[in-house]
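Listed after this line are the structures, all set down as structure tokens.
Both of the next two complexes hold chain A, though its partner changes from chain B to chain C.
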Partner chain A sequence: MTTLTTPARRRGREIGILVAWRLGVAVPVVAVVATGVFLLAAWSPFDPIYQYFGAGVFSASDATIANAREQLGLDDSVWSQLGRWSGGVFSGELGQSLSFRQPVSTVIAQRLPWTLLLVTLGLVVAVVLSLVAGVIAAWRQGGWVDRLVTAVGHTLEGLPPFVLALGAIAVFAVAWPVLPVAGLTDAGAAPTVDQVTRHLVLPAVVLGVSQTPWLVLHVRSSLLGALDEDHVTGARSRGLPERVVVLRHALPTALLPFVTVLGNRLPELVTGAVLVETVFSWPGIAAAVVTAALSVDFPLLAALTLLTTAAVLAGALLADVAVLLLDPRVSADG
Partner chain B sequence: MIAARFVPVVLAAALALLVGACAAPTSGPAADPTSMVLADGYEPDDLNPLMGYGEEGASKIYDGLTALDAQRQPQPALAAGAPVAAPDGLSWTVPLRQGVTFHDGTAFDAADVVATYRAVLDPAKAATVASGLSMVRDVVAVDPGTVRFDLVRPFLLFPGRLTLPIVPSEAVAAPGPASDMPLGTKPVGTGPYRLVEWRQGSSMVLEANPTHHGGTPAVRRITIVFATDDNTRAQRVAAGEFDGTVLPPALARGIAGQAQGMVLREHSSADYRTITMPFANPVTADPAIRQALNRAVNRQGMIDALLAGQGTPASTPIPPVLPEEVEPAAQFPFDPAAANAVLDAAGWVRGADGVRVRGAQPARFTLMYNPADTVRRDLAQAFASDARAIGVDVRLEGLGWDAIEPRMGTDAVVLGGGNPFDTAFKSWQLLASANAADGFNNPGSYRNAAVDQALGAALAAPDRATRAAELRRFQLAYAADPGMVFLTFLGHSYLTRDRFDGYRPVVEPHTHGTTWGPWWNVERWTPRT
Partner chain C sequence: MAELDLRRPAVRPGEPWRPAGRRRPGTLRARRTWAGRGRLTAGLVGLGLLVAGAVLIPWLGGLDQGAVDYTAVRQPPSLAHPFGTDAVGRDLFLRSFAGLGVSLTVAASCAVISTVIGTLYGALSGLLGGWPDRILMRAVDGVNAVPHLLLGIVIVALYRGSVLAVIASIGLTHWTTVARVVRSEVLSLRGRPFVDAAISGGATRRRVLGRHLLPAVVPPAVLSSVLILPHAVWHETALSFLGLGLPPHLASLGNILAEGRQAVLLGSWWIVVFPSALLAATTLAVAGIAAWWRDRARPRRRSELAL
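This part shows the complex of A and B:
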């Protein structure tokens, strides 16, 4: 018993230190990102007063516009706006979104679930596709599947997700109309499981496929490396069937770095979600980033950036913790 | 290992998803004859009347004290009868309808009217519609069933200003700017429809208000789908997905033939497009240049080529669809020869490159337009081409409004606006020297004492006949020294499914969304059986 618990306990302490260290780093990172967003938004050529007035700006007098600027605090310096916003954040108040005319917390609560659904499914598609294609390609290195996967992988690597999305719409919604073009549901339909499922297929598959190239090429190369290792050669020499050798002996070693790559691909996944949601009119939080940025919606933009930053940091941390748990050889970098 | 075992589960899930996705697609408007699905190219930013929603009535969700009828005359809505002016014209008394309730069940009375209008006047609320009610000094509740508006100056058409939607007093009680009010996304009104659901960026569902003072609308459910791309929307209408939509004129005509069971509705409007002539620019400030350009532009040609014939030539902000107000002698004909003669007489000589020069000053200026609006872009190009023909070089620049606004004093811009309800007020905002360079009002700082005098007299006129006479005088004074180049009043084109009765044609304001359009009186429509 003691021989088992002691290393496990040490592992637990290592993970604890890693988590604490990363969280400590996360705080200044998040603060720097928030400040950066405010400065960038203040520097942008867009004026939030146009968002506030909409078409009403054309008949509003200077006095009305100036008064609105004052009431909204738009003329205050970027530092005092930043101070006001961060003061609100510390008291749990994310502020009011100017572009959605709702509290930021409401906007996030309404939209985040749809994004999580899309991103989770996209990630599942990406993982499944890359594992299956990557394993087959490495297993039969140089075969036609390998050549196809490598060629398609490299092509997709250079293809931005929105091109893929528009292509998918052209093929599966227009030329061969089996799936709806865009939206969460059909015009005016209630968001039932059937409706949402049908509308989710194209965006999720596009998002998944757009993330696949890096993953599939990575699986392939690390599995090729693993197939050359001693313990695989040993398994082969013991006469184990090829299926068992590849899937039970080589693949687990190859999967470890894959977990890290997956965690580090999260920023790309978020970027992909922004483009995919915009093209498919998916009512998620990523599409709201675009709206918020174009209308210089400080509170929403900042909250969304923080959310993304936190998601990326958490993704990297989770991946590292997973590797620590899975591979006893790896030591925490602290 | 974990991942390897996970694979079959994930595959099964993905397969289940794909199978589910292959279920028969449902399309077309709901079979229920009392429901309607409309597509709109424009989604409101919010539904708060203080922020401009339903300012001119026809908002569906709200009622104003008055509502405009098909002849553009204000009729009592939440008012129990016509507003009555005091003899000096400085106050208006409005009796209120009794027994009206808001969608949330609370009763409507004078306190709500007072609260709504005071919120508009309150600087702390930063209401965007405040400029349109600048003549109101205060509003007071005489008793629970009567309110009185006190004005800073007499305003003949004040009942037409009372279309502002009335909201419950509790809704505007909280401090802070109007954009923070929950009304923006959770509107509470007394109108014929109440908001069931608004999925921002996607759709909005309205349901008939069974307690509406005008009776329960027969069209029980209206779904408005937001589809911003004109071509996509046209295709979806042609496919039978919607019961109606708004389209650019040329596109609407093209689709009308293909779309089964749809009728084309073309509405006149007071929605002008004009080229400003800033007085701080030495070229556009020159009276000869302004006179010449007004005769050099082929307005009917632009309408035929760019708007599929859907539009009316504009020489002043008063549209010809209002025959009682328009002055026939104040219209500019298309006459390039006369335009050239005006420039020759003013000393603008053609240079080697065809551009006229006077002294060291070439006849050259910049015209800005917002490229997001294709009609404005096309009009800007057509204007530049017509100007070039008489030796005036117009440089085009497509810019966002943020970039346009600071330069409007010296560079020309394609501007749009106008409503048919109070042309005098709109003209005053656009051309009176009192509003020079005040936001987007009179951006070129046009100054003309005769115009100022006539518009002031029209606004203060004691009766309609005097007002119309003063408006005509304004148009003649303007045409003698035009401060802009008005090009056209746009026609608005719609497709509606031919299965309802109750449609009434109407002259429209410059507006966005499905508040106006054929559906302006949808609460009185009935499904055909």
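This part shows the complex of A and C:
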């Protein structure tokens, strides 16, 4: 019976409990967010019937409008609309997007892959940049690299991603035209790998750089903390080379909180994606949020809010599970 | 045992302990403590200058939001127009500072709203303790799980064209940090001896709250509201940039930058550079204050001082 208490088994159980607990928290959170969005819509001065009719609302007869309201169930209470909508969520029927003139599920299915591509690449850029810069800065604390990294980090922290995006356009598309400005492909071209790659470079790098400041400052400070710890002092006193001390002894302990920070940064990544996709006219889901908001496309807006909330919760959970798997000292506490 | 010199203590008195073998340039420590104070001064002076500029420059320069001059369209920076002119010939120097003023006003309103909500919420959570505290803090996690900009976009989309909606959308999403700070402050205060002494001395609940807890909570709450400021400016500019924020006739930094989006393609870099520089300066000034506060609040680790 000793197999039951092996560390690996225990870890597996802990992860199971963590996942179950988080799912238990996530369901009410998502429900509350959905309710909040519907209540906001109900209190807003905006009448969705204008969206369905467009300009035609002025020429349509009162009877037609009343009929449409009846059919769409717009006169029902918020709660029955919410109930109908959440029933649809479970059967995959998210309603009709008004701004794209397509079912919401189609809009999401068409646009989500492009956003995932952009966000994944942006995240890779951010992680690589922040690890390299953060480690060098902490290693040579007080040196010129450190001062440069800290100063640039604090400055970039204050610049919204769209400013970075505009700057990148000004430099790499206008002053020195090497990269395309907008879209997924050149006008009218087929979305080949070559085309998409060229159009992906600027948005992905801008998104990555805009996420770097927090990460780089975090890597730096947690590595500085790790360098003061006893096991690192021990490694130094054993005469290990500096490279081994920093990269093999200090960095692993410093990186564990980094994983958590990364998981919890997903909301900011989404924010960045909204702005970057808009500036670069990237046909992703985040740009669709803005389109939906500009034309008060409530079904799409509600679906995207829920989708993002779920993604953010999943990101935080993934990060915590990763930490549990990587660090035997951490215990799961929900 | 002859090698071990017992007369010399391992750590000389007056000199802080430091791990062996760690390379640290000798002058850094002194510079760092100075840097802490210097950053606070620089931050306060910078923020003061920016606010003064935002108030005085449009007023002294006689800003006219409606003034257009088609003979001076998109002129690069010159003596007459230090920041250049925009696509309809308005002076960017005046407009940028006016925009900074608008953005700061909106941000300050948001900061006040979030501070009030956050302080009440955090104090309540910290005072109740136990399972109500856990539930309230889970709710904070829930609010944080929705990306702030997205929630802001939803609110602004449903209540289009009102400045109040912009303020509400930022204020209602940013109170969570204040709530966390205030809660942990209240939790740590509750266990302090002077609170115990007041209670055992027969002070009523209200007196303990009003005389002992609230005054101690005010400084961190005020400070975190200052720290929200750049974040709120950031959000306002982002919303306005997306065309969802303040009405276009109001010169906010976001609106100017949104106009700059087309201008950049025509090579007019100054329409983007100067407003964003003001934006970055605001954040840097507040970051200076924040860094000083962090040093003061947790001076334990020297390595963190350099942050």
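Here is the rule we use: the second predicted complex is superposed on the first by the 289 of 334 C-alpha atoms of A that agree within 3 Å, B and C clash if a C-alpha of one lies under 4 Å from a C-alpha of the other, contacts with A are read in each partner's own complex, and residues count from 1 in each chain.
Please note the rule applied: contacts are C-beta pairs under 8 Å (C-beta built on N, C-alpha and C of every residue); 3 or more make two chains touch, one makes a residue touch a chain.
Here the structure is a predicted model, which is why all the values come from computation and not from measurement.
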Touching partner for A:98 - first (chain B), second (chain C), both, neither: first
Which of chain B and chain C A:46 touches, first, second, both or neither: both
Contacts of A:236 with chain B and chain C, given as first, second, both or neither: second
First, second, both or neither for A:267, with chain B first and chain C second: second
Touching partner for A:61 - first (chain B), second (chain C), both, neither: first
Touching partner for A:252 - first (chain B), second (chain C), both, neither: first
Touched partner set for A:198, first chain B, second chain C, both or neither: first
Partner chain(s) touched by A:160 [first = chain B, second = chain C, both, neither]: second
Partner chain(s) touched by A:80 [first = chain B, second = chain C, both, neither]: neither
Intersection of chain A interface sets (partners chain B, chain C): 45-46, 181
Complex contacts: residues of chain C adjacent to chain A: 19-22, 24-25, 28, 138, 141-142, 144-151, 153-160, 230, 234, 237-238, 241-244, 257, 260-261, 264-265, 267, 269, 272, 276, 279-284, 287, 301, 303-304, 306-307
Chain B-touching residues of chain A, taken from the complex the two chains share: 45-47, 50-65, 67-68, 71-72, 96, 98-102, 121, 124-125, 127-128, 131-132, 177-181, 183-184, 186-189, 193-194, 197-198, 200-201, 247-248, 251-252, 255, 258, 281, 283, 287, 291, 326
Sites on chain B touched by chain A in the complex: 1-4, 7, 10-11, 13-14, 17-18, 20-23, 25-27, 29-30, 37, 39, 45-46, 48, 51-52, 55, 123-126, 128-132, 134, 177, 179-180, 184-185, 199-203, 205, 223, 225, 232, 236, 241-242, 400-403, 415-417, 429, 435, 437-441, 512
Chain A residues touching chain C - in the complex, by the definition given at the top: 25, 28-29, 32-33, 37, 40-41, 44-46, 141-142, 146, 150, 154-155, 157-160, 162-163, 166-167, 169-170, 173-175, 181, 217, 220-221, 224-225, 227-228, 232-233, 236-237, 266-268, 270-271, 274-275, 278-279, 289-290, 292-294, 296, 298, 301, 304-305, 308-309, 312-313, 316
